[in-house]
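Letters A, B, C, D, E and F mark the chains as written, and numbering starts fresh at 1 in each.
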Amino acid sequence: MPIYVEKKPDVLIGEDGTRTDGRSPLDLRPIKIEVGILERADGSALVEWGGNRVLAAVFGPREVHPKHMLLPDRALLRLRYNMAPFSTPERKRPGPDRRSVELSKVIRTALLPAVFIEKYPGSAIDVFVEILRSDAGTRVAGVTAASLALADAGIAMRGLVAGCSVGRVDDFIVVDPNHDEDMWGDVDMPMAVLFEDRKITLLQADGPLTVEQFNECLRLGMACCEMVYELQKEALRRPYVMVERRALGVA
Amino acid sequence: MPIYVEKKPDVLIGEDGTRTDGRSPLDLRPIKIEVGILERADGSALVEWGGNRVLAAVFGPREVHPKHMLLPDRALLRLRYNMAPFSTPERKRPGPDRRSVELSKVIRTALLPAVFIEKYPGSAIDVFVEILRSDAGTRVAGVTAASLALADAGIAMRGLVAGCSVGRVDDFIVVDPNHDEDMWGDVDMPMAVLFEDRKITLLQADGPLTVEQFNECLRLGMACCEMVYELQKEALRRPYVMVERRALGVA
Amino acid sequence: MPIYVEKKPDVLIGEDGTRTDGRSPLDLRPIKIEVGILERADGSALVEWGGNRVLAAVFGPREVHPKHMLLPDRALLRLRYNMAPFSTPERKRPGPDRRSVELSKVIRTALLPAVFIEKYPGSAIDVFVEILRSDAGTRVAGVTAASLALADAGIAMRGLVAGCSVGRVDDFIVVDPNHDEDMWGDVDMPMAVLFEDRKITLLQADGPLTVEQFNECLRLGMACCEMVYELQKEALRRPYVMVERRALGVA
Amino acid sequence: MSEERDEIGSVLLKEYVLEVLQSGKRIDGRDPLEMREISVERGTFTKSYGEAWLSLGRTKVLVGISLDVGEPFPDTPNKCVFVSNVELLPLASPNFEPGPPEEYSIELARVVDRAFRSANAIDFEKLVIEPGKLVYTIFLDMYVLDHKGNLADALTLASLVALMRTRVPRIELGPEGNVVVKEEFFPMPVINKPVSFTFVKIGNYLLLDPSLEEETIADSIITLAVDDQGRICSIQLRKGYFTDDEIKKAYEIARERMEEVRSKLEEVI
Amino acid sequence: MSEERDEIGSVLLKEYVLEVLQSGKRIDGRDPLEMREISVERGTFTKSYGEAWLSLGRTKVLVGISLDVGEPFPDTPNKCVFVSNVELLPLASPNFEPGPPEEYSIELARVVDRAFRSANAIDFEKLVIEPGKLVYTIFLDMYVLDHKGNLADALTLASLVALMRTRVPRIELGPEGNVVVKEEFFPMPVINKPVSFTFVKIGNYLLLDPSLEEETIADSIITLAVDDQGRICSIQLRKGYFTDDEIKKAYEIARERMEEVRSKLEEVI
Amino acid sequence: MSEERDEIGSVLLKEYVLEVLQSGKRIDGRDPLEMREISVERGTFTKSYGEAWLSLGRTKVLVGISLDVGEPFPDTPNKCVFVSNVELLPLASPNFEPGPPEEYSIELARVVDRAFRSANAIDFEKLVIEPGKLVYTIFLDMYVLDHKGNLADALTLASLVALMRTRVPRIELGPEGNVVVKEEFFPMPVINKPVSFTFVKIGNYLLLDPSLEEETIADSIITLAVDDQGRICSIQLRKGYFTDDEIKKAYEIARERMEEVRSKLEEVI
């Protein structure tokens, strides 16, 4: 019997746009990125983003098992998104559920246009995304970490893929929704973008948006992904990068 | 928690032999057969029989996967009997249960003597029997449909296999038992016969029958299967056949 | 809902060392061994030990399936420890649980140093240990039976492996703990020894032991295993051997 | 195999499709933004609480609704439980294999599910028997019978029809906490009707309602659902990539076509 | 592998079996309708509620009964729950592999189960503690130890012995709905004793109680169970085909032999 | 693969390790009985009830505690429920594959679990809310992040830290049998602190805290846990064999080193 029950806060967003964690609508949460922290994996990255802590690692190019999955003209890109049992207040049963199967697919789809899979015919590239703490936005943190782990493993890529969510809470469009907003807000719209090309490779949404709201979400999401992309580039140059909460420059 | 509980009718069969659906003991329920309704499958047939709706389809001869199942001197005939979750008033959990594993085996066994498997060495013939609505007699409707789907796929056969159940309700021997009779009656005896040879290839029974009752069941079952066989032959000639409830000509 | 609940006896061991089944601390329970009782297996042994009844059988050396498990320079020794549903008062669900997976590994580890696996490169030796009745000490009865089944199958061995548990109940060190002592006592320490070499190949313990207690347990365990080993040798010579409860000669 | 993408010798097919598209038509003769015919069987049914056998072109699907009662989730004591499931029946395609649901069917189920939830299509609060204690469970079981492309839209359409046809038995909580099933029925409270539109991108062409061949060779795939008010209620980018302008264009098209599709469905219910 | 049929180089074996049959005997010396020896261990047992280790010729099986209590099924509030399970232990044959039950063991379990249910062998209503609320659950776990042919009959016989040996602890429903287990026992209410007979057809020969070799090369297999009154209570055509006359003949033989088998079992209980 | 033993071309490695050992040192420069550095992250955490990210040399593990309430087991109505689980994450080694727990991770989980149970490390009776009715469930989830040898000791150490850091929300049974979660917390009642020591035997050398390379080529492996009072509280012979003298020696070493390790952990909590 679980002992933790989610409760909706009285006010999700103030009249002046103040959010439950004190941010204003266009503030991102603090992000910390560390690349190459694991030894056995070929590439790895740890992303701490608000209360999320996401570890991604890559093995490959390596041999494909089972053999019948081998693709003769390109690499087989596999990805597993997995939540730790202790990543949520109520323990999550180990093993894949339907949500994690979908997110594994969505994150893999987001990375695929970035990877030169045709350079590694007949091989496997395995990406593991482990959610060690979860606090809304794990899939976009996962894309961001996985993309860095691929780069750290030396896999040839067209560019980095950076992710971020935007959402709607009442009539406010907010960037990088937190747990309360994800749970009780109106819309969450996770995105990921392949830079420099600005190609959208991940896009989902789960609530009603008018044409105007949708266009605004797209615009802000693109801008957020770009900020995350700048951090990614920095992280590949240094041991690790860390930024405090910062406001989006496009508002 | 299920909201549907089966209830036994006060009278299963009247003193004059009137059954809960108004039939007399030797009446079959209405049957409608349509052959070749699917495009992707190599052969298919839809059988609506009383409240049953059974879709069968065949793929093959095709390559065997996994390879170790291959039989060098004949085809591997595989069959899956599966009930849709919405085929019963109380939802059936998806996936095979013990009953459907047994019925898959029993139906495959019923078809096997009819198929020239030795003409397709090293290949697979896969038969899928989907119960879309269930109303007693799904296995015999399944044999009937599967046999037509094999013919529609152009698989070489010794003959068609036609199925029908007979049963005992109190002291009456009844043909083609309905749901109530299957559930609350004394005996259900499903049969299938390979025509023209009149070989019995499916025979089960689940309740006590004296020698005399058993012989009568066998005789009526054989006659019912023959009527179904006539319909099968007709269905292969036209787009579809449909018969109203009809009395057995042998009574 | 189970109808059997374990209850702790008022007295586990009397002041004079009398145990719940009347034994004194250094008495073993009756043991009966029968070798070669199955026909289809290459080797087999049935061990009845107190209320335990353990059947072990061996197939091999034989072909390895699946192929990728094959070891080119030695035999693959596999072992499954399995409890029958009716081996305990409360029915045990069929299929491996975590305990049986561990015990399969522990028993295999105990046998491995005894088998000349390098004499059977590329082959499989499969050992099955079936617990038909369980009464504390099934793993050591299992090692004992499996080792005889290997010998019966003609597998080349460095020696037989004999098992026995010792334990602590209050301040008494007891040999061959019974069900109550295993369940409610302080320590159970199962052991197995490869003879003639006196190499310890199985050792576990599950409760606190001081240095002195531990040394005493080791000494008594070694002596018990030796007694079991003598029975094993006898059992290989005759159709079967049976001994009544007997006291350890080393006390 | 999780998707149909590799099933046909796709390089030649793609060349052919692109060549035909240059003439402004698709290989089955449709215009780029033309949908295939939708038809729904008017059958009666006795076992399921609501059912729809729907064809989208030659794609055939069957959706059935089952009902049950149980406890609500602790964080939504005032809502019924809604469970969606897709079965890619092995008879629907030589590439579908029997077994537990895989990535492809799970994604489809979640895409359909999200369209209904996000549009608040069903009044979940009307399906509460005793708040926090007893609510209905709706099972939406989606069966793919013949896969000729664009399962997402076919399943969403068929689900909407099946839900609108559903009759719910009235249930009360008895004095001793027991469940009392009445002999009355009320219609499933469908209060918004999401419609789904799937687009593929092949080269520079944006095509609506892809056929199996088009899906197989598509560079990119996206599914959008729009609600009664023309609001986007769910999006799933399912393959490849899109620019923001391409996505805006797809949304615009979806808004233009939604009434036509919705009125076609109203006819058959 | 689901069955033993392919395990021996079967063409030569079949020729040999048929050749010997021409002389009126089977390869193990039996007459066509002769059964192998049945023997049952008279062991005592402390863990299971009832048990039988039975040999049919050199086939060895072990059946154990476990008991439990729980809710009855909603449509049979006045009956206990009865669950049958067959384990083809991997030590019983090189062709049996560890793992979840497969087609062969499921068919065997259901054939045995049906024989007992159809014969009304157990008075299920005597095993109700509180109608609609609390009933016994009987688990019939059948273990195959050494497979030398005709598991269906060996398991049905052993199950009958195990059930007849079973002692059921008396249980009452306490005042607060709790379960009270008494220290008394009563015998399992076995009120009819079905016996199972398996026939194979090889060429034109009908053989009773097939050995492993005969089973392997059989053209057709059928299992019949007959009850105390000589009524057929279950049939399973398990391979190949039979004419109606062949089935009637098998039934006649089963009726002739049933008393002999039943009295042999009575001895050992 | 269940263990790492075959991962490196092991014959040459073994020769090299033995050659270096002749000089009194190990290939990573340690003395035979020297442990690698232990370090624990001092992070704060908001989701788990207690957590420890620990490095033993370059082996990295993460242990998280989750809490829940439920019924106790019928034979221990006065004890909470304690569940241990090890995940060998596929990112921790190229030899670990996703999927259900296998032999290697199950053995590790049971070895750690037994150390805590046998040492009576947690006062299980303090975690009973209503005897026989409602108790806490402690989930000890152990994650292997980077496998560089000796997981057993790393996981036992990290588990001890995670348990000592755990804050338990106070829970009461309400008047109607409902669960009332208070806003207070109390520390997990850790009353004994078992420490685990793993030894390998390579040739005649006994080494403490094996690296991955040493584990791979070890002839024998044994893990011992000792409690606060220096008593042995669990043993697991995991590979090969030992003489009784070798085991006694290992125990002696464990007793000598336990204070040093325990005080290192106290620092970080």
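Going forward, a residue touches a chain if its C-beta (ideal position, glycine included) is under 8 Å from a C-beta of that chain, and two chains touch if they have at least 3 such contacts.
These figures come from a predicted structure and were not determined experimentally.
Chains that count as touching both chain A and chain D, per the definition above, do not exist in this structure.
Between chain A and chain C, the least number of touching-chain steps is 2.
The set of chains touching chain D and also touching chain F is given as A. With centres taken as mean Cα positions, chain B sits 52 Å from chain A. Chain C and chain D have CA centres that are 58 Å apart.
Chain centres here are Cα means. That of chain D falls 48 Å from that of chain E.
Touching two or more other chains at once are residues 2 of chain A. Chain contacts in this assembly form a single closed ring in which each chain touches exactly two others.
The chains touch one another in a closed ring; read from chain B in the direction of chain D, their sequence is B, D, A, F, C, E.
Of all residues in chain B, only 1-4, 38-41, 44, 51, 55-57, 59, 62, 80, 82, 84-91, 94-95, 126, 128, 130, 132-135 touch chain D in the complex they form.
Interface of chain E with chain B (complex): residues 2, 74-75, 101-103, 106-107, 109-110, 114, 117-120, 222, 227, 229-244, 247-248, 251, 255.
Those residues of chain A lying in contact with chain D across their complex are 2, 5-7, 98-99, 101-102, 104-106, 109, 112-113, 187, 189, 194, 198-211, 214-215, 218-219, 222. Residue ranges of chain F in contact with chain A, taken from their complex: 45-49, 51, 58, 60, 62, 64-70, 85, 87, 89-94, 98, 100, 139, 141, 143, 145-148, 169, 171, 179, 181.
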